[in-house]
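Per-chain residue numbering starts at 1, and chain names A, B, C and D are given in the order in which the chains are listed.
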Amino acid sequence: MKVVVDLAVEPIGTGSTSISKYVNAAIEVLKRRGLKVYPAPSMTSFELEDLSQLGYILKEINDELEKMGVKRVVTFLKIDDRRDKETSIQHKLEAVNEQKH
Amino acid sequence: MKVVVDLAVEPIGTGSTSISKYVNAAIEVLKRRGLKVYPAPSMTSFELEDLSQLGYILKEINDELEKMGVKRVVTFLKIDDRRDKETSIQHKLEAVNEQKH
Amino acid sequence: MKVVVDLAVEPIGTGSTSISKYVNAAIEVLKRRGLKVYPAPSMTSFELEDLSQLGYILKEINDELEKMGVKRVVTFLKIDDRRDKETSIQHKLEAVNEQKH
Amino acid sequence: MKVVVDLAVEPIGTGSTSISKYVNAAIEVLKRRGLKVYPAPSMTSFELEDLSQLGYILKEINDELEKMGVKRVVTFLKIDDRRDKETSIQHKLEAVNEQKH
């Protein structure tokens, strides 16, 4: 069953208040791995077939940011792991957008 | 200066794994207050002109959920408060979507 | 009924990977307001009698950090609002420490 | 270099507002793996030598909760990955407690 993860990476100590290049680098890592990615204003959602893989992905993101000169990364994650029925980014989006119509 | 807030409400003890009606109730509170709201798959972003108002909004959401029978709400928030230049949901969305093109 | 809040402040763009002086400034704001505060390794817990007050507290913290030169603050919060029975930092600590013995 | 992780597990749909047995089950998983664990009121901190392992740990926790009857788990995580110098729960605790004295 798919797990939906929300991710925010916060580079600490960069000397600049702009962080979009680091956020975009994180999104690139997710896409290179072929994950379904949905960038939102402040968090990025992605789908995982196997929660076990999450650590490798986060490490790859932080390694990438380190190459860009970031010496400390604080990451915030929300993980939605539903075992009773299939979930997905698409399903979750529909659930919050139904009321709009 | 605007503050961008990301919100997730998790009702605890409802007896159902479905939470979309509670998430939608929270979104309704935000819209009734005239806030700019952007529902994402797992979090809802909204803009605040004045961070001082956040507590009233969260209390109104939890009161609404209590009326719906929820006895415990765990809320997760990410707040982006930028003092050097104007930020907004629109600006943040553009920053993460530029790379797509 | 008390609400238990967990807080993490992340100063963005400071040029230093050390953030403890900012975390301590946030804790000082909480203490000056007479709140019960429990500093943990990565988050700070505090008790609120009235959730409505949260926005004022967060604004005071960010104003304090701005005076210290921080131009952008990302804040993470977890709020536990229980309506069926009284909760507190002490109660929650006991619940997770019982198994130790 | 060690990574410090803060974890909160929220069981959804259990029918009870009490979650301490699930939180304690998560802590047990961390301890069985020999990790350094620091239970705080609302989050549990632990140290990881290798961030790659995080997914396996989270999956084991959610599998354990599923055995206890939980059909949906929402997890919140804060990860502090510092590459410029060694960090630890002990170091972070000292940094926020210095001002107390």
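Going forward, a contact is a pair of C-beta atoms (placed from the backbone, for glycine too) under 8 Å apart; a residue touches a chain by one contact, two chains touch by 3 or more.
Bear in mind that the values here come from a model prediction, so they are computed numbers and not experimental data.
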Key: Remotest chain, subunit A as reference, centres from CA atoms   = C
Note = More contacting C-beta pairs: A-C or A-D? The answer is A-D
Note = Between subunit C and subunit D, the Cα-mean centres are separated in Å by 18
Ask   = How big is the gap, in whole Å, between where the Cα atoms of subunit A centre and where those of subunit D centre?
value = 19
Computed distance of Cα centres, subunit C from subunit A, in Å = 25
Key: Sites on subunit D at which at least two other chains make contact   = 8, 13, 17, 71-72, 74, 76, 78, 80, 82, 84
Request  = Could you pull out which subunit D residues touch subunit A in their complex?
outcome  = 13, 50-59, 62, 66, 70-84
Request  = Would you pull the subunit D residues touching subunit B in the complex into a rising list?
outcome  = 8, 10-19, 71-72, 74, 76
Message = Per the contact definition, I'd like the list of subunit C residues that touch subunit D in the complex.
response = 4, 6, 8, 17, 20, 23-24, 27-28, 38-45, 76, 78, 80, 82, 84-85, 89, 92-93, 95-99
